[in-house]
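What follows is a set of structures to go through.
Both complexes shown next keep chain A, but they swap its partner, so chain B is in the first and chain C is in the second.
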Partner chain A sequence: MKRMISMTALTIALAAGTAHAQQQVTVKIGVMSDMSSLYADIGGPGSVAAAKMAIADYTKDRPNVKVEMISGDHQNKPDVGSNLANQWFDVDKVDMIIDIPNSGVALAVSQVASQKNKLFIVSGAASSDLSGSKCNANTIHWTYDTWMLANGTGKAMVKTGGDTWFFLTADYAFGHALERDTDAVVVKNGGKVLGKVRHPLNTNDFSSFLLQAQASKAKVVGLANAGGDTINSIKQAAEFGIVKGGQSLAGLLVFASDVAALGLPTAQGLALTETWYWDVNDANRAWTKRWQVERPGKFPTMIHAGVYAGITHYLKARESMGGAPDGKAITEKMKSMPTDDILFGKGEIRADGRKIHDAYLFEVKKPEESKYPGDFYKTRATIPAAEAFRPLAEGGCSLVNKS
Partner chain B sequence: MFEIFGIPSQALFGQLLIGLINGSFYALLSLGLAVIFGMLNIINFSHGAQYMMGGFAAFILLQQTGLGYWPALIIVPILVGITGMIIERTMLQWLYKLDHLYGLLLTFGLALIIEGVARNFYGSAGLPYRVPDSLTGGQNLGFMFLPNYRAWVIVASLTVCISTWFVIERTRLGAYLRAATENPALVGAFGINVPRMITLTYGFGVALAAFAGVMAAPIYNVSPQMGAELIIVVFAVVVIGGMGSILGAILTGFGLGVIEGLTKVFFPEASNTVIFVIMVIVLLVRPAGLFGRRA
Partner chain C sequence: METPRATANTPSKTGERIAFAVMVAALIAAPFFAYPLFLMQALCFALFACAFNLLIGYGGLLSFGHALYFGWASYLAAHSAKVWGFTPELAILTGAATAAVFGLVTGALAIRRQGIYFAMITLALAQMMFFFALQMKFTGGEDGIQAVPRGKLFGLFDLTSHMAMYPVVAVFFLAGFLIIHRVINSPFGEVLKAIRENEPRAISLGYKTERYKLVAFVLSATLAGMAGATKAIVFQIASLTDVYWTMSGEVILMTLVGGLGTLFGPVVGAITIIAMQTYLNAFEQWVTVIQGTIFVACVLLFRRGIVGELARALKIKL
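On to the complex of A and B.
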């Protein structure tokens, strides 16, 4: 029905004028995202803007690197996403696809990338299966995942006394993975899961589920959902007096854009985990200013930062290899090179495709603590890179067993 | 406390009430659709977008002028209703003689445009809107905690629904309207300005959608896609109730809210499909809908 696959083509090619005879590298990148629905603010046009910035920054002093970019809408449908991926790889000769907020679509496109021996860098999707049981040699998972979210927020909640849980889970790949990973963290830290309810994606009214959560008497109501679903859950939980009644909410995946949509009076006090926040340091703030030229009035999410950093590292690897390496070769190269970019700092990509960096446990500020637009979080803890993500051996990734 | 199908009756009563509250929104929205279809023969696919406009207008009113929820509840339906009348005058009026499909396509296109514009300016994540201070908090009913705002939703929705039904089915104005639908030429011959009446009716239907949008703003995420998500369900409600039947729209709206609420307890995964299952069954058994006039 919505056949609105918008194709924007952008060629950033600076006239070759340097005396150095460097090898010409020509690259085509596809940014696939949710351009028009509930995840369009966490990824979407903001991801396209971040990709343009990454390409412009990288090619500025490197006339030998030519990068072309296209973008498209997966409409949150795995079939639409894999069709588009097939078309991009086969017809449009795209070398690498990046972003894809929506784990269902990301898992499908990861398969396509593997079949066609191309590369897929995940920034938007969360399921830890992408670098776990469903990993492959053509997929790199950059920004965050469900294990890391569970480990950050889940652990912090249990440690501060929230030892009984009730889950509201979005009924698809992402929600299931987030619920499973959080469940494991809760049990491991001595907590107990009293119940759960799975709601369809894009549910409007959560009051029925919230009543069930209330009746369970669990100390923590874990929201294993995202975007509009999380916003509706939190908004209505406030209305039904969940927090006033002594239960805490754990937003297992909350983005800066969700906090903006809720408003601080409703969102205050919420604990959440992210790997990147625009207001953490000067480098992020400067980058955000540039990003806002294309997205005025908005604040970038960690997904946007991941798109920028992922493309930067990819272009570095491509330039150092030269030529036109296949998907597996370039993935190997990216894993062998340490990562270093202005947004995530130094890091690495593990054998299972998992990119490793620090994570932060944030708390949403009270309205009176917020000094300027976008001043959403205070940092409760920094989780060092080595602890933030699932240990390599525990993911069940076949690439790990081989080596 | 006794149990029903393994669910404590306490919880069940709570869920029934919740279902009724959600049904209030279905009823309000399907009422607008039924009025427009019944009187104009237009399948108003932009109804969801107009509902969304209601929520957005409430937000903009608060941001730009500081006018809160209560003024918005009056002003927003009027403003959005006027945009509806402009649409009717400039576009819809040329389509009455054509097949229903043309009206559907036009309004569907309008819905996409309205949503696209909203997304362009405000993004997709949504806008914050709070429950008015006078309606925060709630009552402990023993079997559940009922937020005051939800109680207000039921009261307001029932009042609007019953008044609308009364005006259309039981007053002289309503009689003119229904007569104009049956035979516009004859009613016009009696000196009644039929086109103006039609314009006002469409404006009223759209105003109902905007009213529902303002009602929804404090409890649902105010985002460009809020209407698109709801409108499909509401269409199913109208089809089940019988296209154009005012009473049918109201009763099925509340009834399906309750059924959906119960599904959320017994089989939550199916809660977004149950209404369509019912629609299929109703269409097979009674193609004109439960309260449809035409067989």
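On to the complex of A and C.
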């Protein structure tokens, strides 16, 4: 009896203690990325490093928040990705998956997240369908998308006289979406698309595709690809003398890591759109220094920044809700809370899952303009958040029509 | 025909029966201990390996293109379930039927040659069909066919949960397994083994060996297709991984590790390889290296495979 009383007292004391302090929150995050192939530099281990930083920063002064993290490689195969996602949600009890720099895999995992009622934050993948025709109530699209890229780089190229286009497109969900969105922008701004050719994902030899681009006599060769494919196609375009012949290249999706890999002599003059660049302000520079402790000699991409910001906002929402909310509830909460983090500043998540923030149109510096390692870009324009992304009504997302 | 069958009956039949009983018991108990999705994957590959083993283990034909039947059946099953709205069992049968047709066409071409040439022809045809899968519209290229509904069995039972799906997969696996068992223990199977041992002698005895080989090929392709189609419904995705040549290689590996020409070998081999891929996932790209090492060890140390060596040690047929 005495023991029981003391037990009860202890329980009450504990209950009072937790109620008095904050609620205990335990979460598990899965970082799924391309760890070994063509997108490993834009996401991959850099995303894992960013996730670790986000978790460390958030839990530093909050002993009531416990965060576990696992990471895995989706090998750019949709079946591997959905298999891994199933296993993480079912067996490893992961609450949220983040990153996935491959739209094909991201679309598959978004399905799994919806089915299991968990959460998926897309930082790496680009297809605007993720917050458009294939949106769902368990997916948030954080960093950027193909509509925003087309609206940035595509528009700028047409406005500066590049009115005839030829597309070199990676043959899967991402490339198709980027080509479609850019095509629309080009036509809308009075340009013309002369042709397009599709290349397999992760190609080494672009010669036949580049020759077709050359033969088309289009003023602009639009590269609707990413990562290793972009690096290879730009390098090989230089060897074929495409730019020397008077055609210009539009890298529709170029990351800081791609510019580092290409080197400024090859990449100079490229116009590109990003939502985050490490050298824009002091906060970003300080964050980059810390990131580089784990990734020495590399420069973070906007995807890495998106992973950090996405996890930060997720943990904020989780802490404010307490308990163990399901995927739809936490997604709702994240949409209703304004976002605020050191990398993207203040922003919001729309009903369709699209995160809204400013975008920047950059130009790659000439080698002589670059003063220190990583000094890649000069800013040509800032596109305000309200204009940077596809208007809510045009995406065709079912979540929007409902309300 | 009567005498050898009679002598083979007594000790070996009991061994086989015990092994079969153990397998069925394990099938029933497993979902309560292990992750059902992993088990379903293992069963799909076990059936695939059994189908492959029918051809090489009993017909002596090494096909290097079985991914063609596995992968294309998964595409057709996924497409019929998603676009045509077939129920899962019909979708799986559609997949198997597709594989049968492909098996008939490619088999008729391939069995005209022996040995390495046979393997090369099957590989070439499989790669050709891989590129069709990559380029055709309905397959979705790199993205595959995603969001395939598991649907309702016979239009009645919802298969969305893993525990509901598992018995269906187990039944399809057992059906395939029993078909193979029946085939290899039939007069047809005896002739097939005779062709494997000495084809000219089989011809001289008056058997039209090409017909036997073709039937074995089509059977093997159909069952491989059934495995692929089931996998597509279970994972709700059909993708390029399943038609790529590495898949043809993987099934060879499973069969060899388990034990070529044994009834239970491919099952054990498939479970071993899938377990490695699942539980060693944390090692990322090292998984293939580990797999390779195990394969080398298998070839050097136990050539008959796990089940083959076990059967030899126990002096029974498995």
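Basically, the second predicted complex is superposed on the first by the 383 of 403 C-alpha atoms of A that agree within 3 Å, B and C clash if a C-alpha of one lies under 4 Å from a C-alpha of the other, contacts with A are read in each partner's own complex, and residues count from 1 in each chain.
Rule of thumb we're sticking to: contacts are C-beta pairs under 8 Å (C-beta built on N, C-alpha and C of every residue); 3 or more make two chains touch, one makes a residue touch a chain.
Please read all numbers here as calculations on a predicted model, not as lab measurements.
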Query = In the superposed arrangement, which partner chain does A:335 touch: chain B (first), chain C (second), both, or neither?
reply = neither
Task = Could you say whether A:107 touches chain B, chain C, both of them, or neither, answering first, second, both or neither?
result = second
Query = Given the superposition on chain A, which partner contacts more residues in chain A: chain B or chain C?
reply = B
Key: Partner chain in contact with A:40 - chain B first, chain C second, else both or neither   = first
Key: Contact residues common to both interfaces of chain A (with chain B and with chain C)   = 36, 171, 200
Query = Which residues, counting only chain C, touch chain A once they are in their complex?
reply = 35, 37-38, 41, 134, 141-144, 146-147, 160, 162, 235-237, 239-242, 278, 281-282, 284-285
Remark   = As the complex stands, chain B meets chain A at residues 8, 10-11, 14-15, 18-19, 21-22, 112, 116, 119, 123-131, 137-138, 144-145, 147, 149-150, 218-223, 225-226, 229-230, 261, 264-265, 268-269, 271-273
Request  = Under the touch definition given earlier, write down the residues of chain A that touch chain B in their complex.
outcome  = 2, 36-42, 44, 171, 197-200, 202-205, 207-209, 211-212, 214-215, 227-228, 231-232, 235-236, 239-241, 245, 255, 257-258, 260-263, 265-266, 298
Inquiry  = With touch defined as at the start, can you tell me which chain A residues reach chain C in the complex?
reply    = 35-36, 72-73, 77-80, 82-84, 86-87, 90-91, 103-104, 107-108, 111, 115, 171-173, 200-201
